[in-house]
Each structure stands twice: as C-alpha cells, then as structure tokens.
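Paired with subunit B in one complex and with subunit C in the other, subunit A is shared by the two complexes that follow.
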Partner chain A sequence: MKTYNILSTFRIIKNSAFLQMKSNAVSIYFIATAFIQPVIFTLISVGTYVYGKKPDFGLFAITGTGLISIWNSNLFTSGEIINNERRTGTLSLIMATPTSLMLILLGKSFANALTSAFAMGITFLTGMIAYRLPIGIADPLNFAISLLLIIFSITCLGLVFGSLFILSRNAGEFTSVANYPVYLLSGLSVPLTLLPLWTRPLSQLLTPTWGNIVLNEAATHTHADLLPNYLIIIGLSIIYLIIARVLYKKVEYLALEAGTLERW
Partner chain B sequence: MTIITTQNLRRTYETTTGLIRRKKKEITALDGVDLSIPSGEMFGLLGQNGAGKTTITRILSTVLLPTSGSAQIFGLDVVKSVRDIRPRIGLVFGGERGLYWRLSGYDNLQYFADLYRVPPHIARRRIPELLELVGLTDRANERIEGYSRGMKQRLHIARGLIHDPELLFLDEPTIGLDPLAARGLREVIRNLNQQGKTIFLTSHYMFEIDALCDRVAIMNKGKILITDTPSALKKVVANLEVVEVECFGAPEDVIQKIQAHPAVKAVNIERLEQSQLIQIQAPAGAELVKEFLGILEGVQVRKVVTRQPTLEDAYVKLVGDEEKRSKG
Partner chain C sequence: MKNNIRLFLSGARASWATYMVDLTPTVFLGMHIPRTILQSLFFVYLAKAAGGDDLARFALIGNAIQIAVFNVMLAMEEVIESEKWNNTFQYLIAAPSSWFPSMVGKSMAHYGDAILATVISFAALIPLLKIEISLANLLHSVPVILLVIFSATTLGWSIGAFSLPIRYGFMICNWFAYAMIVLCGVNVPVSALPPAVQFFSNILPVTHGLQAIRALIDGATYSNVFPLIGAEVLIALAYGSIAWLMFGYRMKVTRQKGTFELV
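What follows is the complex of A and B.
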C-alpha cells in the first residue's frame, strides 16, 4: 500500500508537470519571462560590468542573470498557476480531491523551473554573442548537477511564496515586492561583498546565494569540492518544503474559511 | 442509512463597499439549514439565484467552511474529516469552467484519476467506460476547447465519477444547455441514481427537479422553506389553478392591483423576449379571468390561458408566502 502511495505521488507530480509544460508551450507570458527577459537582463547586467571596465565579472553576471531568470519565471509563474486554476474554475475542483494542493503545485512549479533552465543557456549565449565574452565551463558535470539542484531548490522556495496566491488573487503585488530583495540578498545582481555585513545571515538562508556560488565554481574550476554546498542547498530545500507544508495547510484552511477559491 | 445531515448550518460572507470610507457588510448566504438525506436518494435543492444552493453544495463537498452549525457526510464532519470524505464524493459544477481546455477529454479524466489516486489499471478500464456513458468516445482525444457546451457538461459528469464516488453533488448541471443536451444529461443522471448512487442535485429548473428527484427542498434567502416529495409539494397548490396572461408593458400599479385581488394567492411575472407573462394563482373554478382582464384594461393582451399548477407554481406560492411573512 505504501509503495503504491509513493508511486501514485510520483505520478501526480509527473503528470502535473506535463500538464504545466503543455500549458507553457502556448503561454505568451511564460515565453516572455523564460526566454525574452533573460536576454534583456543579460544585456543590462553584463553590459554594466563590461562597460565599467570589469569584464572579469562577466561570468558572475551571466550566472547571476540566469538565476534571476529561473527565480523570476518560477516565482511569477507559480503564482500564475494558482490564479490560472482559479480563473478556469479548476482550483476548487483540485482542492476537492484527496491530493494535497502543494503536491500538485510542486509538479507544476518544477516544470516551470525546468523549462526556465533554458534561461541559463540563453544568458550564456547572449553574453557570448553580444559582448564576445570567452565563456567556457570548466566542470560541465558539476555545472549540470548544480543547475538541477538549484532548479529543484528554487522550486521549493517558489512554493513558499506561491502559497499566498491561494489566499488572494492579488498576491502578485506582494511577490513583486519580495522579488528584488531576493536578487540583492542572493548576490545575483551585485556581489555579496558589496552588501552590509548584517545582510549575510539573510543571504545564507536563500538558496540562490548558494546556487550562484556552485555555478560559478563549476564554471571556473575543474574538480572543485562542491559537496558541502550541495548539502546546504539540499538542506535549505528541505526547510523550504517543511515551511511550505505548514503554510499550505494554514492557507488552504483560510481560503476555505474566506471562500476565496473561486473569487476572480 | 442517512448519508448527509446538517444541523443549523450557517454561512456568512463579508463584503466591503465604498472606496475611501470602506464599510463592511455581512451577507447571510445560509441561515440555519437542517437536512437529512438517506443513502440512494436523488435529492433536489430548488431555489432562485442567490438562494444559497451553491453555498450549501460547496460546504458539503468540503471546499467551503461553514460559519457555524455542523454538517456530516457518511457520519463524518465536513470540517474535521476532509481527507476521509473527499475520496468518497464527486463534485460537478454547471457551466464550462472546471476543465483543462488545452488537454483532451481523455487527458482531463486521466489527470483527475491521478489526483483521486485511482490505480492505473482501474483508470485504464474506467475512463473508456465513462466516455461511453456520457457519449464522448468519438471525441475523447480532441482538445476540450473544441467541445460544445453540452459536451463539456457531459465530460464534467464523467470527471465527477472518475473515482466511483458513493455520493455525487451536481450543482446546476444542465445550466445553459440546449433542450436536447439537457435531456440527454438528465438521462445520464437518472441512470446513475438507478445504479445506486446518492445524488444531491441543485437547479432552478423546476421541471428538472420534478422529473428526477425523490425529494425536494425549496430554498429562499439561505433558508429551507419546506422539504417533501414533488407530488406532496404540488398539493400545496392542488386546489388552485393558474391564469397566464401574456401582455405588453403592464404597468406596476396594474400588477399591484392584481396582487391585491382577494382571490389571488400568488403572482409571478416572467419577462419574455418582447412581452410579459403574468402567472396568477387563484382558487380553481373561480370565474376570475374576466376580472383580471378588467384590471388589465388598456394593456395590450396577447394571450390568456388557464392551466393546472405545476411544481414551479408550488415554488412560487411557497416563496411568495415566505416573502409576505417576512415583510410582516
């Protein structure tokens, strides 16, 4: 029975992910955040370093921009998933099933993050073509592992923010505000060393910080010891999942109490 | 065995008005509802828009919490035992929403089979059976966005049955359907009940409830006015007949004069495309048509018909009596 439940849980995550990918394929909003935005972000951020005579920061800017795009598309589209379910009237129907809403959203958000991994490739390509930066990846295997881990971890972090959308269709305003501090605190737009010391503990709680470190390490060093950082990313992901589980339970109850599941 | 019970069930909503000086207002959607529905029954809930039908359906199907009172499904509390109740109930809303339009009919059923944790070997057998039941086998692999409204409604029924629930909630399942599609869907619902499923059906189509349900509750402004069999409810108006006058632009004071006539028990006005249909309930055998036409003097009358009362007339009378009582 337990084996069946585990299999059925994986099937729900997998099929939710496929469902989301099918929707993404025809969503202009998703295409814009996952594919067009990275080009613009890369042109701005890499350009800042290149024209500021600090081309050494080019790679840092590229991985940072790639992570921004992954985080962005995950955060906004995760919220959009719930609003879309609300708009199409499926939110209350999936809530009425025995499957936890968090599990369904985990699959859908992971699909978003996975698709947005293209953003990393786009930022590299944009940097190479637009600024002629000689960008190579020293340790492709570790880079791929880092990327997969960080995508999963960002999905978990996105779930925490996404829970707010169950309560209200206007949660996007909150997540828009919360978006930029994450860029800054994770060192994605400026190096962490430029931020005040008191921000460090906050930075260390955000998985994009560690993602930026492992991606840069894997891109610049062969055989870098990334295991401790991987463990931190996995640990943070577990913490996010625990927080998300508690939040979803609470938020689902509040939404049933307020009757907002179908209010659009 | 009783499958649904509610005790003094209440639900209120808070709304705000005004932009600068916002004022909170409490709206009562359900006002002390008591219900008891046995297993295997086809139970109908009748009421106009805003009567509270959808609110009670949402509470019983665990997607809305009551403000006070209690409700049990299979003896389990709808607030505390959500996980045990959900696999045993099916939920079907009327209208076109509630499906994934970019997926095919088959894929929609497959996805909900997963969410209800139906084992794959059972889902593989059940999905074609359900598609056959609702007459969608030939279009199963097409995207929903190309389906007609009636097809979407039928797919909703199939989706609601994907986990073979013991109890099915149908909230206005035939709303907006053309007569043929609605008739087909009613046939499906009747068959499901004959197969032993308990059905909780809400509708504002009186003939539908009359034709399908074993018992009916009439709702008005969040309250249950009466619960009985359709034939018993019709007895409320058994000694009456209905005079239907189709006319053009009868003024309000003329309608009030008809309502004030001592023999008139209830008046219902329906707006037709270009005309009005005044339905007047009065004691059978009374020679009142001439008197009504006298009151309507000066108004262009197209047609006058006298007929036997229906469940709809019983509904109009019961709701009208309640309105009169509440106005004091």
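What follows is the complex of A and C.
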C-alpha cells in the first residue's frame, strides 16, 4: 500500500471517529446508555455475589460488567449507526462513495467503544460506593494496555456483526440476541466453568474471553505473563478484520448488483 | 358498553396485526425466543455462580417472571408512545369515543407475548439447569403470574404517559425494567437490600406478587399469600389510575394548547 493510501485510510477513520464522538456528545441516548447501564448491571452482578457470600468475586464481576458495557455499547451502536444512516438516507450515498463503508464504520464503532470505556470506570466506582468493596488495580499500566487492546478488538468483532445489519432491518432485535451469548461464552461476570465443556472452543474464539482474562490478571496482579494473551487478542482482531472485509465486500457487491438498499 | 367492546376488539385486532408484522417467523424463532431464554439464562447462571443451586432456583423463578415483566413494560410504553410517532394521537383526541378500551385492546398481543415468554423460560430453563420445581405448584401459581404481568403493565403505561412529551420514554422504560431486577427481588431477596432501597421495592409492582409466586411454588396456599396478593392488586390499581389520569391529562393539555405536534 502506498504512503498516501495509508494516510488517507487513517484520515477517514479519524474523521469518522470524530464525527461519531461529536454525535455521541449530544446524544442523551448514548450518554444514558454509557452511564446508567453499567451502574444497573454492577448492582445486579456484584449484589448477587455479595448476597451469595462470595464478595471475593466482586472484582471479577466488576471487570465482567465493564466489558459487558463496552461490548453492548459497541454492538448496539453498530446497529444504530447503520439504522441511522438508513433513516437519514445516507447509507446508499456512503455505499456509492469510493471510500469503503467498512472504514467509515470502523472509525465510528471505535469512537463508540472508546467512549464506552468510561463504563469500566463507572463499574469500579459503583462497586466501591454501593458495596464498599476494597477495589484497586494492582497493575494500572497493564490494565490500561489491556483495555485499549480489548476496545480495538471488540470494535473489530462489532464490524463483523455490523456487516450483517446492512442486510437486515431487524438490527435492534439481533443485537439483543447477540448480547447474552457473548456475555455467557466469554465468562463476563459468570465463570466459564459453569458452562458445558463443548462451549470452550466457542469461548476461545471470542475476544471478550481473553479481554476478561487479561483485565482480571492486571487488576489482581497475578504476575502472569500477559504477552501470550495480548498476542491472541491481536491475532483475533486481525481475523475479525479479514472476516469483516470479506463480508463487507460481499454486501457491497449485493447492494451494487441490486442497485438499491431498499430491498433489505 | 357494546361500543366499548367493539373498540376493545378493534384495538386487539390492530395489536395482533402489528405484532404479526413485527414478528415474522424468522424473527420470532431466530431472535425473540432465543433472547427470552438467553437473558434469563445469564442471570440464573450468575446466581448459580454466586449462591449455588438454591440461589439459581430463586433466580430462575424470578427471571422467568421478570422476562415477561420486561417485555410487557416496554410494549405498554410503546403502545402509548407509538400514538405520538405514528401521528395518531390527534385522532385519539378528536374521536368522540373513549380512548381507554381501544388502548387496552392495543396491548393485548403484548400481554399474550409476555405470558408466552414466561412459559418459554420455565419450559427451557427447568430441564436445562435440572432445577426442581413442582409442575403442579407452578400451575397453581398461574393466576398470580397473570396478576404480576398485569401489574407490570400498569407501570409501563404510567411511564409511557409521563414520558409522552419527551423523546426518551422507551429508553427510560428499558432502564426501569432492568432496575427492577435489583429492586423487585428477582435475583436476590428484597430483604437483602438496604432499608432505603426496600422502601422503593415495596411501592413497585411485581415485588409482592413475585414473593407470592415463590411461596405458592414452594407449596403455600392462597390464604397464606393473600396479603401479598392484596398488596400487588392495590399497587396495580394505583399505577393504573396514575397512568389513566396522566394520559387523560396529556390529552387535555394537548387539546387546550393545540400542540399535539410538539408532544
């Protein structure tokens, strides 16, 4: 790829991300989702562990809830971005521009995921205030690296789903179905050991599983070597990007062949 | 009376038609049913991880009811809000007939959907998690389950009526429905909540009814749980009255100011 191509790619991603961030900043819907949902989910998950006399699981529940919020926000907003573009009549225009739709969505989804990282802070605060849990992050540097990596990786996973939303007007229904299997299979707030053994390979294909592991290890400072897990997250992100690219190409081809997006 | 029945039936037909358009077989089988089961499953697994099989059983009963409460609350809020978005609110105001039978009719399909969600949750999760619940006792509690769903309906209506002038009614209702998992003793008993929070729990629909359902499933008789059922009925009536008055007030103000476009 030539240098100007790389630069223009980053410019597109940056501009899409800034546009989305501006849109989020004035969207009560987004702000409420990013701030209220983590509070409610933390109250439910940590409250259940505290009642079950397992407050030691508090940190596990909190990081899990934080990831739930990031994933939920990413998936939900991926669907919303497509729906909004469709509603405002700009989806077809974006599709017709020389710029790839995937790049625009990558920028927009990354902006959403980055903004929703506040959710992680909110879950920690809720745990500390509501349940007075003595929560601290033992290795803040690794925690921050893990969080950034997982945000990027979740954005890539969200792109795979995002491509499917173009061909369906039921994105809202689909996001509500796709949420809970990811929570369960990734062990977010619920230990993976409770699930049947046959689900393990599926769990390992999901980046939130590894994100949950590295965030918990960084938070509790288990002195584990996090590099292999970081590499897995990066590897999965690359795989998601390749799948998303293939799917977007296919979707673009279908739309161009039909000459309309109104069919879906 | 005859006209009111006709209005009710007409609303119910409209409700069923909308429901069938929204929920195609693919959406119903591929999305609606899996979401119903998976949402309950997540919270039940959470309880199982925290407190073993006893808490899982507690959460299963709570979540099988909560999923219906969740669905019905959102649907009822939407029934009211859709009048605004579909530009039919002004016709409701202008029509000489009473709006009440028509609105009750319009909620019927959602009421059925909520009952179905509870049935699916119990039918899928009891064998899946191998949790012991007596079928006879479960059937014994059906009238109270219906009461709780109706009770949640009134809260959804109230939120819809209050939030009619703003654009975020559905979102508010959504978070309210999630917050009820904490407040109404769905995953952990209300008695485990701080006293200040328990005050809110006790004035919300579902809390008392859910306690009655749990007791009935554990073998209690209706006379044992009569105070709980009575409290649930009173709360449902209170919220239903609030919703009725508030929606009437919204219509009156709109008629007086002629500002239905802004509502």
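By our rule, the second predicted complex is superposed on the first by the 251 of 264 C-alpha atoms of A that agree within 3 Å, B and C clash if a C-alpha of one lies under 4 Å from a C-alpha of the other, contacts with A are read in each partner's own complex, and residues count from 1 in each chain.
Here, contacts are C-beta pairs under 8 Å (C-beta built on N, C-alpha and C of every residue); 3 or more make two chains touch, one makes a residue touch a chain.
Since we're looking at a predicted model, the values are computed, not measured.
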| item | value |
| --- | --- |
| Subunit B versus subunit C as contact partner of A:Q204, first or second or both or neither | neither |
| Subunit B versus subunit C as contact partner of A:T220, first or second or both or neither | neither |
| Partner chain(s) touched by A:Q37 [first = subunit B, second = subunit C, both, neither] | second |
| Touched partner set for A:I104, first subunit B, second subunit C, both or neither | first |
| Which of subunit B and subunit C A:L93 touches, first, second, both or neither | first |
| Contacts of A:V26 with subunit B and subunit C, given as first, second, both or neither | first |
| Partner chain in contact with A:L194 - subunit B first, subunit C second, else both or neither | second |
| In the complex, subunit A residues that touch subunit B | 4-5, 8, 11-12, 15-16, 19, 22-23, 26, 88-90, 92-99, 104, 253, 256-257, 259, 261 |
| Residues of subunit B defined as touching subunit A within the complex | 11, 13, 58, 61-65, 83, 86-87, 89, 91, 93, 95, 97-103, 107, 110-112, 114-117, 119-120, 159 |
| Interface residues, subunit C side, partner subunit A - complex | 27, 30-32, 34-35, 38-39, 41-43, 45-52, 55, 59, 168, 171, 175, 178-179, 181-182, 187-189, 192 |
| Interfacial residue positions of subunit A with respect to subunit C in the complex | 28-29, 32-33, 36-37, 40-41, 43-45, 47-49, 51-54, 57, 170, 173-174, 176-177, 180-181, 183-184, 189-191, 194-195 |
